[in-house]
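Both complexes shown next keep chain A, but they swap its partner, so chain B is in the first and chain C is in the second.
So, the complex of A and B:
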């Protein structure tokens, strides 16, 4: 009898690995910093400024500025919408001219050539979204040495190669948006599973850890089922979501898509199983990929940053950097219609919470 | 009679083994979680890798002919984008369905000519094609997905007798190719060219014509796989899944097609593709990390190739 009990105990220990209780699969082991469940979170300390400084920049305060915007590539909806946000800011400010120009494919060598050419032709400021943070640094430093103001957005360079970077979202912000949206759709005691790229992809692992921390704090009754990997593969994502639906049946209330590939594929699986309204899909995805599902009322939302606002904020920051009103040591910056934006990570301006796109406004965006 | 029977069984060995393994897996996971055997999940398993099974048919022909093609994943990506661009630019849906077959056959006929006439080894010719196709795809599309596909385009979502069309394509094309390989002069010449090119030449089989034909057919079959790939969801990814060509080659090899050429059937590769989908689904039902799928595929390749070597040593 004693033996039997020991054997049963041993078996139960083996079948419930302790670590499975403490961490969601797919997260990293880094410390987390969950935001407040409701209302404003206390602003984090930005820390000491670690951006660069232009050499002998002329006094540009209030003067007309000629600025070039060099995104990763031109001709795609994503950067067309950031550019439109910049034009909106330029029109509002009246004393800044922004011209968007860049490579037609996301190629770092071509992007470097563009930056170099604009340094030679002479501009007051350069806005950029880097194809490679390290490779672009030397040419941006050259721009700073020529007295040009340099501000990044969307994809950063090494910190000392630019002055400020407009960061579209922090991991704890993404986590809050995802879990708030999920809880609002499936209720605070629903069950959900995650489709991610791989367990070791840095961004996704970070977001999953933050989501876990935020859920434990704000939605303790939400039930996490499991995480499955689907690389960045459309069809595999669909198959994995399909298998989750088959495995859990009615128990599954929601699927979280961690990549812009997984989310539309999960939506497709829900739609093909006629589970619209029964299984929610919440995740990060480009609006264009989600329009079919949101317009047909199968899926309620998709989460991403507002790219128009991102461009708008970048232009506002550029103006204030040139004016000298945004200086090292600042904790906030006022960016036109977006109001006060926080300074984070030493020399970054945080755009704010990610945007939840719904049927009401998704068709206004084309990227 | 009995010798003939053992010979037939011997040549079917891998296929029968695969059927046994698939049934054993179904039984094992089904006992652990009966939902694994639900109609929905079985359908998912069969649909899941159908386009890979279809592409593996052409790959089997190529490998049986004594060659290899590492560009098939990129070709499927390119053909899927061509199909999507045609239909979103207003061309009729049937054009978007057929164009990948024609373009695929044309591209691979060129590859076949390089191999047969210019004597470029197939691994080099297709490696070059892989770079050209995948590089061209990224440059041309800039990574943009194709969305806004019209209603009626999603061929892979059609059902006949409640069975999704990819399953019909997989079964139909496997039987058709199996028949072609077994009962036609062309089929026999593919085996002949793959097992002994010199002997094939001596017996009046044109090595060059056979290789070009094999690659052209492989390209057209790749076109079918691309259409199934493109029409399963409502957006088309403009990059190819990483390692798709390896999964397709693995399906052929595990299906019993000898990497040395001359041996194998298309039935084996289809069963192997189904087995991979079943293993992938099992891992989720058994709560095992998906990382094991690749490890298991690797073990299957090694086991199959070792068994093939042993068999050759015994008979040769």
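So, the complex of A and C:
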């Protein structure tokens, strides 16, 4: 009811059409929690710790640690860059050795075997990015039972199967970065459309809802046109972006890409239609996929978290968990050069706001 | 040539020696390797591949191949989850239906190979894509979770101190050894592999035998799916992808000729164990995953080369 009144009030005051305030397609109906339009948002309460605890872990405070990092898969740019962040932290700390090893395909069965073998070989800590949150849980619980410190990053497991999880971005943080960037490119009264995977994909649906809430709060004059589905398919994403361009013509100022496939495909469509500078593309994508468009000045930015920082933070958290300085109930953790990181969602360390890559720095990243 | 030397130059015997050498080499590298806990744990991890390798030995002895086993595993795992959670059937009924679906998938393979005379490589390459596609379509990329505790006994529990699924594996292996070695069915299997046309003209039931073997391959793949789901307590459509290559490696390493007519279940078992202890032992001594894959490939080539050289030497 309150929302409806706000909507009507907003409609009468700003004389925008009422339909512009109706729900965007492709969002979920979960409650939203938009961040403040400018400046820092107050830190949410982390709540009671719900992670696991290793059984009879030896005192590792200040001692040399042997840690294995088991990402979803090895041999791809994304996890090579998280691993390089870990090595950076290891070098800085001096008393932790991190060895990255894992399956060559994102295969949960192989990943479980890797974890299992490293438990037997007797490491002090395991860093992981899970291929499946539930399937990996039993073997991680086994690691905790063997007194091994377990910290996740990038992709979580069930909370009680690990101690802490370094979360790269919260949905409201992604929403704020996306909409701030869009508004800065197309102005605060432009029109835009969204290319998503499907209306029911959990992550994308969550982000779209948060984006709507944040837009209503901070950019009430931005005009939402429609959301189109493109699976996570390269060709379909291109076609959908092409259709949007044909359908809306000059009215369309921006396209939001919700997947790492949709964003470069939309950029390609904009470039092929010679609409560089007229239609902006803002979205989540790997820097490597966006380099051609950004370096040729067709597209201004791409949004993602800094994967090197993600690995760096994971290694720092591992050190502090082993030392016993990061305990249940903490509200912040100091992670080397990243400074203070917040604890959120009971047992997660938040890396921070997503990073906007532009022509100025995108060529420094390789993933 | 005496019977003794004939046994000594058998591929299985050479492989056995290689196995013992690797076992001791690995044990000297790492003191955590040769412990009961580790070995039993490794046996638990290799059960799914091992189960499927038994009927695969039969398939390859007939001169055929079944590439679709990993996809059948994925499909049956998904069906188990869908029958249980989405259709609300009791779990035992879902298990039964899932086994039936796997058997039907294997039977379909057999039909395509025997009735339509499609070469097994092409037939099962097609069903590899077909069954995996079905699994992904049915699951809509969603996983099924939250299986009851009693179900986990199969994949994570122990019976008399031995992992539960190992008993199941031992039973399947024993049946495989008996059928291939001591029954008419087993001798027909060898006959088909040696010369299919000759077997047919001798009045052997070639079509029925092949049909049964592919069906069994589907059934055991479904059984492996149940064990797999129980072990990881979740169902995903990409389960078992690529497992067919591990299975075929174990069978071929075990001395079964890819051209058919030669091979033993016992060889497959040794090949399987050799692969598993190599993987585990190398990993424990700090060799990374990609290095392990290289070593296993090298061992496979060396084992096949030695066996070929010796058999050439012996037939002179």
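One rule holds for everything that comes next: the second predicted complex is superposed on the first by the 346 of 367 C-alpha atoms of A that agree within 3 Å, B and C clash if a C-alpha of one lies under 4 Å from a C-alpha of the other, contacts with A are read in each partner's own complex, and residues count from 1 in each chain.
By definition in this document, a contact is a pair of C-beta atoms (placed from the backbone, for glycine too) under 8 Å apart; a residue touches a chain by one contact, two chains touch by 3 or more.
Model, not experiment: these values are computed from the prediction.
Superposition of the two complexes onto chain A shows a clash between chain B and chain C.
Judged by the touch definition given at the top, the superposed model places A:274 against neither chain B nor chain C. Look at A:38: by the touch rule set out above, it reaches neither chain B nor chain C.
Contacts of A:249 after superposition: chain B is touched, whereas chain C is not reached. Contact comparison for chain A: of chain B and chain C, B touches the greater number of residues.
When both complexes are overlaid on chain A, the residue A:117 reaches chain C alone and has no touch with chain B.
With both structures placed on the common chain, the touch criterion links A:61 to neither chain B nor chain C. In the superposition on chain A, A:231 makes contact with chain B only, not with chain C. By the touch criterion defined above, A:261 lies against chain B but remains apart from chain C after alignment on the C-alpha atoms of chain A.
In the overlay built on the shared chain, the residue A:104 is in contact with chain B and with chain C. Counting contacts as defined above, chain A residues 75, 104-105 meet chain B in one complex and chain C in the other. Of all the residues in chain A, the ones that touch chain C in their complex are 74-75, 99, 101-105, 107-109, 112-114, 116-118, 120-122, 132, 134-135, 137-138. Residue ranges on chain C touching chain A, taken from their complex, read 30, 32, 37-38, 41, 45, 143, 145, 156, 228, 232-234, 236, 238-243, 279-280, 283-284, 286, 288-290, 293. Interface residues of chain A, counted against chain B in their complex, comprise 73, 75-77, 104-106, 199, 226, 228-229, 231-236, 238-240, 242-247, 249, 261, 264-265, 268, 272-273, 286, 288-289, 291-293.
Taken together, the chain B residues at the contact with chain A in this complex read 33, 35-36, 38, 40-41, 44, 48, 51, 138-139, 142-145, 147-148, 157, 229, 232-235, 237, 239, 241-242, 277, 280-281, 284-285, 287, 289-291.
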